[in-house]
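Right after this note come the structures.
Shared between the two complexes below is chain A, which has chain B as its partner in the first and chain C in the second.
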Partner chain A sequence: MSAPNRSPYFWMILGLLLGGASFFLALQVGSVPDADWEIIRDLRLPRALLAAGVGMGLAIAGATLQSVFSNPLCEPYTLGISSGAALGSVLGASLGLELNFAGLALPAFVGAVAVTVILFLVSFRSGTTTLSLLLVGVMLSFLGSSLVAVWMALADSNGIQGAMVWLMGTLSRARIEGAVFTLVGALFWGLMIWRRWREMDALLLGEEGAASLGISVAPARRYLILVSSFLVGLCVSGGGMIGFVGLMIPHFLRRKVGSLHFFLIPACGIWGATSLVLADTLARTLLRPYDLPVGVVTALVGAPAFVFLLLGESRYRVGGAS
Partner chain B sequence: MSDSSLAYGIYGLSYSYRNAATSKAALKEVQFEVEEGSFVALLGPNGSGKSTLLKLISGVLPLSRRQVEGQVRCKGEDLFRLHPGARACRLTYVPADLNVDFPLTAQEAVLMGRSNAVGSVFDRGGEADRKRVEWAMRECQCWELRERDLRELSSGERQLVALARALAYGAKNLLIDESLSRMDLHHQAILGSLLKRLCLENRYSIILVAHDWNLATEWADHCVLLRDGQVLAHGRCEEVLTSSRLEQLYPNAPVYISKHPETGKPRVYFYQR
Partner chain C sequence: MRGRRESLLFFISLGLFSPFLQANARGVTDQLGRSVQLVDQPTRIVATAPSLAELVADFVGADLKRLVGVTEYSDHPPRLKQVTSVGPYHQLNLEKIRSLKPDLVLATTDGNSKDQIDHLIEIGLPVVVVSTRSFEEIAIAMQTVGASLGESEAGKRMASQFVTGVQRIRERAKSRTEQPRVLLQVGEDPLVVAGGASFLNQTVAVLGARNVYADSEFPYPRPSLEDVVSRNPEVILIFTLGADVKPNLASLKHWSEMKRLAATQKGNLHIIQGDSVVRPTLRLLEGLGLLERAIFGETQATKKQKSEKAASGK
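So, the complex of A and B:
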């Protein structure tokens, strides 16, 4: 039951309409003014589909991680999971683990899981505050990114250029098979998360609050974190480290549709896809003919938003409680 | 007393924390029975194991078999052999506060108590569930707060919501952990009478942990005194609360026990010598 000022269906339908419009726009505009069908089919369509899949996955993973860690500032990028996935992808690529359709999703997933396991161990140790969890995440993120840069510089003198692709996040390498794979995968794993909405709702009220409703907290958390890692691995192997989508979209939607995951997860999927299609269109056209990495666009908007969120939460202020 | 009026019983329950630096057990050989319709006050100093006991028997504490000895039996079932979820339906723990970091209205929190009943993924609770939520929130004096964000409520108001959630959940055995502690006197009185009425009319059985002894004994007809994880005494309040026991429990605090002039319930006063 939601408060009357929130109408989840309204926001979902609005998101779908906006999503359709931005998808259409993404096919229409680009560095070439009057593109023929071939350019649209081979370049813009795969890129828009990939943007939709990656945006959907990152927003759903962000919302899930926030609920699992009971922390509104969690998301794959700030927790370092994205950088773990990027490191996995890079190592996988040099080991020749690239698959036909799946690309580097498998090694990316291994990297994402490695980071989440560390976070899991850190966060459920007694005495860990939400702030220290975030700091550990940020440090893991630095570590992963630096290892990516080192590895690629060692591999080949031009490799540092390639490292930028992973670290800044770009959808320019989109191919139609990979894009469809990412979109279908994001839908599938999103559904796998959505079906556990009851447990996620209960976890909003903390460990004891959930357990007093008969939820087995530890198994639910393990499942949700594992599936989120699948999503992050999929997204990062498709588009590199794109930050802040997983932070801003859930935060915005919690205010509009509420925190109940029955609505929140699908809404995050829709709005995440829409926003990244839009962001990528901006990235392609802002400094035409240069192709900005889409991660730059999301960070330009997202990093200030993160700071505002951080300052808005009284408990993160210096001297505040916990 | 026939066996059918027994709500549940705790038999020889011992528990030790897994990572305890000291090997001291948190609970030792705890044993008492709770009848249907009875209101039990669980009293004792800080760290005596009151909350641990409630969390343990309601399934809130995750545990392995080697940490725990003894049994909790409810209607012929050994609760420790049940899934934690099944344990929570039989004995429901009411936390002292509902902490939430996300936008969530009071009504959504209480409805969670209903929608968590097992159903299909599309089942968000029907009309009956909504009625039950409204009843629980009206009884707990928080229906007016239903559209408010939990984070904006005072801790006393959140305690009303926590109680409403437990009532909506539907278990008849409530384990209430300090849930009246932050309410104002007026709400304490109303909620206390509500709990008492649920016991008398609807055969609820309630264990209430409270640090305000006089508040607890006003409604409770039975007392369990815990010290260092052991039951020091249990029985009717006026039999349990004697000055010699209290001096045993709090050696440095002189205590004076009297009776309420109207109800005859025991009243405990600590004073400065």
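So, the complex of A and C:
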């Protein structure tokens, strides 16, 4: 782990400045060159706010889950929480449940929390290691995706189109109320995670190390998983399955601000929001008039960047020590 | 007249639709049962599906300037290709639509996403929603679109022309004694067919034929080949969209090698240009005629011509 060579505050302030600039850019550009105020107010502003909220939530949840599981590949995607949310959403749609609140899909939230409850019950069994918990998550992810595929085989073509867009992640459903709700929610749950930074630091030392510092590992882990799932449920209900933000941003920032969660969590929030606002701006403008799913953009940019990042360092770990 | 034009200009420059302030506003009830306030003669129309653009073109004739936004693949009549695109029908570009400042947005429950229709309504646009899942609904849709455009009489005429045309086909169907078993292939690899809940199922029923997958409650089931063989269709219709039939020739070859199928033995394998069959406009009558000829009345001569054409296309 390379030691951070600049103050963590530098990276946070830089992130805030970039975030402000991308937010401004997001309001400025779009499908039409000379947008009037109403287009900005009714369509661009809600999307930019939703992107900020979802990006913040995904990056914080990713960082938290990686620390909880001491595994660099953890993110809402890999743990099955996202696919649980996807399953909840398509089931809700096929049952004709109109449980949408201002562009947020409530069934997605329920699905995310349901998967977490399963992970939870597994974690209560004695002798469950973080590795087995992670593997259960991966299996739940496969199961969820397969059930979504079954649903898609039976649905009509309109339903499939809707689900496809949703599975790739899109912020095009953004409404102002839902966007503000998501942003405030992400800030709130992010704070709820941040206040446990000492425990997360301790978890990086492994179970025995944490215990030796007087941290009770199991309750801390459960608390963090639970709050992360709320965060993920919120994000997925607003934007569908958007990958790589939860993976890429925490990895990038660990190299810059270090592994101390006191700095890492807020930095993830800032940079997560910034990156998704930028990604969504690209999604909206790259192939006008097509509105690309933002998940495609995060994957297209994120996957090569991630490989590049890893190649820069031959041995990579989540924590500074373990 | 002058007053109306001025108020229209005012409305356009205002950009924001405020129906209750509009002096010349009139109410049109759409197929969701919503009453929508519209100007007398909308001149900035956005059609969010190819079929809707086609209907508008039928109504406005040469005055196609009134249509300011269409979706991708709005290609009939060909002049529609010149109109500004607002993205594909299943994922509309709302910003683009909003920037066109439409005084009428025509949307459909059959293709547009419900969320996007809601969104368009929420941002204050005058959205008229049609539904075209049955022949009865299509006739109502024609009247609804006509009325929205301020062409109520033309709308009624079109609907009655459509109803009469369908009625004529139904009567011809009654006079037939045979009810051939038809397989409606809409996708290959994996094989996707039209099931009981699809619109295509209704079209073959009107013609007096039987869809072998009419009992499927799904609109587009994906049966195994074995299941198709066990249902032994006497006619196989391969639907294609657009002019390029090359990808479908493989399908044709595939079925023609399955000698045990009644359709293959009888030489009843046809590629159908699907646009006219799936778009709920007056062209649907032509589409029904096309299906009718394919299922029942194809003479040996035309069949030969077709197979030669197919062979030369390889």
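In the analysis below, the second predicted complex is superposed on the first by the 246 of 322 C-alpha atoms of A that agree within 3 Å, B and C clash if a C-alpha of one lies under 4 Å from a C-alpha of the other, contacts with A are read in each partner's own complex, and residues count from 1 in each chain.
Following the convention adopted for this analysis, a residue touches a chain if its C-beta (ideal position, glycine included) is under 8 Å from a C-beta of that chain, and two chains touch if they have at least 3 such contacts.
None of these values were measured; they are calculated from a predicted model.
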Chain touching more of chain A, residue-wise (chain B, chain C): B
Touched partner set for A:Leu65, first chain B, second chain C, both or neither: neither
Touched partner set for A:Leu276, first chain B, second chain C, both or neither: neither
Which superposed partner A:Leu204 touches (first chain B, second chain C, both, neither): first
Partner chain(s) touched by A:Arg255 [first = chain B, second = chain C, both, neither]: first
Contacts of A:Arg195 with chain B and chain C, given as first, second, both or neither: first
Touched partner set for A:Ile215, first chain B, second chain C, both or neither: first
Partner chain in contact with A:Val136 - chain B first, chain C second, else both or neither: neither
Contacting residues of chain B [partner chain A, same complex]: 55, 58-62, 83-89, 92-95, 98-105, 107-109, 111-113, 115-116, 121, 124-125, 130, 133, 147, 165-166, 169
Touching residues on chain A, where the partner in the complex is chain B: 1-4, 66-67, 70-72, 194-195, 197-198, 201-202, 204-206, 208-209, 211-218, 254-255, 258-260, 262, 313
Interface residues, chain C side, partner chain A - complex: 15-16, 85-88, 90-91, 93-96, 98-99, 110-111, 113, 115-116, 119, 122-124, 197-198, 218-222
Interfacial residue positions of chain A with respect to chain C in the complex: 30-32, 35-36, 38-39, 42-44, 100, 103, 153-154, 156-158, 161-162, 165, 172-173, 175, 284, 288-291
